[in-house]
Amino acid sequence: MNTMGDFWVVNAGAAVPVVAYQLVSLILFFAGIYGFLTRRNIMMMLISVELILNAADINFAVFNRYLYPGQMDGMFFALFTIAIAACETAVAIAIIINVYRNFGNADVDNLKKMKG
Amino acid sequence: MTEQIIFYMLAIAITVFSIMAVTSKLIVRSATYLLFVLLATAGLYMLLDYYFLFAVQVSVYAGGIMVLFIMAIFLTHRPGTEVRTKHGWRIGLSVLLSLAGLLLCGDIILHNAVRLYQFTDAETITMQEMGTAMLGSGKNQYLLSFEMMSVLLLACIVGAILIARKTNGSEKETKETDQ
Amino acid sequence: MEYTLLILLFPLTSFIVLGLFSNRLSHKAAGIIGTGALLAMTLLSFYAAWDYFTTPKAEGFYQTLIPFNTPWLHMGSHLHIDMGILLDPISVMMLVVISTVSLMVHIYSLGYMKGEKGFQRYYGFLSLFTFSMMGLVLSTNIFQMYIFWELVGVSSYLLIGFYYTRPEAVAASKKAFIVTRFADMFFLIGILVLSYYTQTFDFGTLMSGNETIFQHALSTRFLGASALVWAMALIFIGGAGKSALFPLHIWLPDAMEGPTPVSALIHAATMVVAGVYLVARLFPIYVAFTPEVLEGIAWVGAFTSMFAAVIAIVQTDIKRVLAFSTISQIGFMMVALGVSKLEGHEGLGYMASLFHLFTHAMFKALLFLGAGSIIHAVHSNEMERMGGLRTYMPVTHLTFLVACLSIAGIPPFSGFFSKDEILAAIYGYHTGLGIWMTVAAGFTAFYIFRLYFSIFWGKQTQYAHTPHESPRSMTFPLIFLAIPTLLGGFIPFGHFVTANRSVYTIHPDWPIMFISVLVSLTAIFIARKMYQYAGTKTGEASSGLKGFQKAAYHRFYVDEVYLFITKKILFNGIARAFAWFDHHVVDGSINGLASVTDWVSIKIRGFQSGEIQWYAYIFLFGTLLITALFLFM
Amino acid sequence: MNFLSLFVLLPLLMILTLFMTSNRKQVLGTMVAGSTLLVILSAFLAYRYMAARSDGATDPMLFTASLSWFEPLHIRYAVGVDGVSVVMLCLTSLIVFTGTFVSWKMAPLTKEFFLWYCLLATGVFGFFISTDLFTLFLFYETALIPMYLLIGVWGTGRKEYAAMKLTLMLMGSSMILLVGILGIYFSSGATSMNITDLVHISIPLEQQYLFFTLTFFGFGVLGALFPFHTWSPDGHASAPTAVSMLHAGVLMKLGGYGSFRVAITLMPEAAEKLSPIFLVLTAIGVVYGALAAIRQTDLKYINAYSSVSHCNLVLFAILMLTQTALTGAVLQMLSHGLITALFFALIGMIYSRSHTRLITDMGGLMKIMPFLGVGFVVAGLSNIGVPGFSGFVAEMTIFVGAFENDDLFRRILTVAAVTSIVIGAVYILRTIGKFLYGPLQNPEHGKLDDARWYERLAVITLVAAIIYLGSFPTGISAMINDSFSSMLQVAR
């Protein structure tokens, strides 16, 4: 088991240590999760989801860059994730507008009523 | 060193704005903070020498998606109203869970980061390489995914229209009320 | 003697034909078929009796003949139920009795039931009964006997409930069937016990005098008595039920709801003596191995005869008087069997009992048919509504008188001889019991002449329309039955039926004869004094005993006790409790299980709230938990 | 493929044909033709079987055939019959036949009704010809499923409740049964699920205890084992007539049949040891069912509780483990199948006229509908074991067989069971006395008609079978008895 000291020594030469990127994405990720759990508004939940997706994107890019610099897989995944995020947002917003139309607000609690 | 300074600035921005985005009571502000986060993320991509990704992030995410968000927000929310959050114990639970996850994952990262290779300077990916990879059908090439994505986008557009459009019945109703 | 099979087949065929085509046959055709089959059967029975008793005896003993026997149902490796015909003195004697009475009843019914709805059905049932009764007496094994025993019960049920639109008749038929079936259950258990230990149903094997087959039964003990004692006692309970011995007699008086000829046939002459026949059939086992049961039979019989005679004194329904008289007389037969031994003079009781069975069948059938004739004329069963009938119905009057004298034990009528033998046998056994039975005989004479004087003498009653003598189809059987009632006593019965099947010549016991005749005559004299001109008065004879009289009139409340037990305890108590238990506890626990499942499912469904954030909590929590587990374990 | 499979194929063919029918006439035609063929087939089978036996065939199962189905688990489609199965097959075809005529006026959804009816029949027939444990179970389940629909759709009264209760209880028990069957298979270490092979393998005693309990219980619930009988009164009362007939007449017999074919035959030692516990339950069930019937006022409930009593008697006899008692059990299954089918048929006919099944609302119907009345009296008398009808033969064989056990405990239970013949008389005579005899209670009933030709046909067929069995039991009893002697020989 490595100690923190070893870690910094190993990463001393790097421009920015990989772990720093990861900690950023980690915070981003759990901030997203917190938002997703606490918000009642669907729109706000959607924003939280975007944060989570972003965290994932950062990870893809960072790992690709640090581990397999010659390849492009991670980058492409990030790219596609952005595209998917776009799709998801489009559909989600369509749904939100529908929900709003039916219930007068965009609270997630309304959606319980759709259950059979 | 410059790189490091830029990185830490971006990191602080992401951290602060992401937290503000999920805690803000006004939805428009939330969206704005989200925009900042997205832009900061784009900055990170830049740092990593992924210029294309940076461009996509800025144009699609910070541009396209955010526009959608803002539009939707204005469609569904009266400006200035505060959005509701969960009850107290739910927030506590969420904080607890999030922190627990944060610590757990952080622990994993810190203990395993040593296995990661160091940052190596590699040549920046040219647009040409990227285009070949995206539209090629060989190993490590992504034509299929790319096409799938386009189909998905199409499906989403159709789906979104279908969902958001008023149903026949309600259309009639509105017509009647109009008359 | 294979032709005896036809004795069974004639009534069976008649039953099947009448049963299947009852709607398509006219009354006349049905009567002819039924009576014709019976006539053929009767002639065959008489011929069989003549044939049997004239075949040379081997070493002075009548042999048991089995002209026909076929396995019917195998039960395991040893036991098998056969269907067959067994001829020995008692079964042949019963053949004669049953066929005679049955034929007379068939003929009588032609007039009595004329124009009744369901005439064909009536004759069908009569044929069924005759078939079953014949099968019963001709049984070669105890299980065949049980089979026909049950069939007799069913045909009795059907005939009592013949007027099925009358609730009383329905209730009576139900009661008769259930009470006898209750007794039959003991009979069945007795058979099960007996057959298990002896490994046979067969009368031939059981009566072979071979002691080894009973060894096992005698050595096995249960609650202080050997298995054989239990078996024989249980079998006797079956007989007691059919023969209406106390306390299982309650069905017989009610059974009088049936048509009167049916009462004459089933509830006077034939079916009710099946118990006597059963004990007589198994007599060798009783006397050799279970004398204690035989003694019990004697006491039950003695009590029943006195008990029923007392009740008979105060009844006002003529058929009920006769019904209690029947119970009483069967008691006499049972006592006689109970006090009997096997050999010679000690076996007198057995002979006397069956002799009395024979004469009783004749005179009691005659009494019932006479009563039927009276009821036919008066349209009532109540003695109060009768009186002075002797001028209107001379034939009925005379034949009824003959029967009355016979049952009262006045010489030279048949009842005198048989009853006298019984009393002689009882005095030989126990003097106290003899006196008891003599008193019962005196009561017999009293109640029967009370009946006689009230009906045919007594006050002149105003009838709605003048009673007239019954048609010839009804008076012929009366006259025919009066003949054996008059002369039957002179049959040397001991030459035919005895306990050890050798010839026994009856020696009159003069003192006993004298006493019993004296008692009877006194009783008749009192009855004449009270009822010849005074009309029906039940009060005087027992003025000091009002309460007793009332109790007797209500048959000592035995029915009420039963009613209480069955209705209140069994039906309302236990059965209701069971139904409740089934509905609430058994079913309730199943339903409870269902509701618990339902409850759990609702609770589980609570997790599936449709609230997406709640799912997220659970998901996240689970993921973290699993990660932590992987990390720290 | 030997001709036994026809018993399954024929109902399936009937289902196919029914699919193609377009009107009521065609449906009824198909049903009559098919069920008649089934009766002929079973008669032919009985003839072939007896001929083969008299030619000296000594195998426990005749006409066996086996077809590999799922080899890794040794599941085979294996068929074969012995005397018991032959008898049960005859009973089933007879009841399917009469049930067709009883449902002559079935509406609505006539075609669908008969479709499910045929599927039910397929399951029952398949159950009786199977010798493979898994196929047995499969057909058992096949028979259970249609019950739910038949009761739930075409039933009367609280039909959804009854259908659900019945299905759940039977499914629950069959789940237990499946565990038992798999347990037998795995603990025997056998390479076959065929009963004829499994009897040669002795299962360790400790495992026998468990799996005997499971299988006997699993089958027992279908055989209305006390206290798991409650599905039966509700189910019978709610089911349409023909289904009640088939269910009480045949389906409940699957329980009895299965419990000796599987539980007793394969695990005789455990049966010997554990039988006292179950004997107590069944003896209680015998008396209890009869007592509960006394209080009922609904004709169908009366008969349903009577069925509980009689089916418990079947299990009771099976647990007595003597050859005679087992023979009696099969006779009782046969006899009760016929009698109860007759009862339900008559109740259905009376109900279709009077529109009530409460005996307190009827009275004096004998005069109005003599045919049905006489039929009911015959059914009642055979139900309480009057000689000449089948019930007597069966019950007496059971009682004699039960008494063959030389221990006081079983004797006392037998005596307790014998009391049911008296209690039986009470409720049957009460019923008959209340609604058939006496004066006409409801004047509107005076206009009712008697049985139609198709109803008469059904009633007469059943009555004839009952009387035949009751009057000439020698052959059938011997046939069953022989099967048991060969079966018990193999088992020991």
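Order as written gives the chain letters A, B, C and D; numbering starts at 1 within each chain.
What we mean here is this: a contact is a pair of C-beta atoms (placed from the backbone, for glycine too) under 8 Å apart; a residue touches a chain by one contact, two chains touch by 3 or more.
Predicted model, so just to flag it, every value in this text is computed and none were measured.
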Inquiry  = Of all the chains shown, whose C-alpha centre falls nearest the centre of every protein C-alpha atom combined?
reply    = D
Inquiry  = Contact counts by the stated rule: is the higher one at A-C or C-D?
reply    = C-D
Request  = Return the distance between the CA-based centres of chain A and chain C, expressed in whole Å.
outcome  = 98
Between chain D and chain A, distance of the C-alpha-averaged centres to the nearest whole Å = 65
Ask   = Measuring from the mean C-alpha position of chain C to the mean C-alpha position of chain D, what distance in angstrom results?
value = 37
Task = Please work out the Cα centroid separation of chain A and chain B, and write it as a whole number of Å.
result = 6
Key: Interface hub residues of chain A, defined as touching at least two other chains   = 33, 37
Key: Residues within chain C bordering two or more other chains   = 613, 617, 620
Remark   = Multi-chain touching residues of chain D, meaning two or more other chains, are none
Ask   = Which residues, counting only chain A, touch chain C once they are in their complex?
value = 33, 36-37, 45, 108-109, 111-112, 114-115
Message = Looking at the complex, which residues from chain C come into contact with chain B?
response = 613, 617, 620-621, 624, 627-628, 631
Message = If we count contacts the way the header does, which residues on chain B are in touch with chain C in the complex?
response = 86, 90, 93-94, 97, 100-101, 104, 107-108
Inquiry  = Help me check something: in the complex, which residues belonging to chain C touch chain D?
reply    = 71-77, 79, 81, 143, 147-148, 150-151, 154, 157, 161, 164-167, 170-171, 173-174, 177-178, 181-182, 184-185, 188-189, 192-193, 195-196, 222, 571, 574-576, 578-579, 582, 586-587, 589-590, 594
Inquiry  = Please output the residues of chain B touching chain A within their complex, sorted ascending.
reply    = 3-4, 7-8, 10-11, 14-15, 18-19, 21-23, 27, 30-31, 34, 37-38, 41, 44-45, 47-50, 52-53, 56-57, 60-61, 64-65, 68-69, 71-73, 75-77, 83-86, 90-91, 93-95, 97-99, 101-102, 105-106, 109-111, 113-114, 116-120, 122, 125, 129-130, 133-134, 140, 142, 145, 149, 152-153, 155-157, 159-164, 166, 170
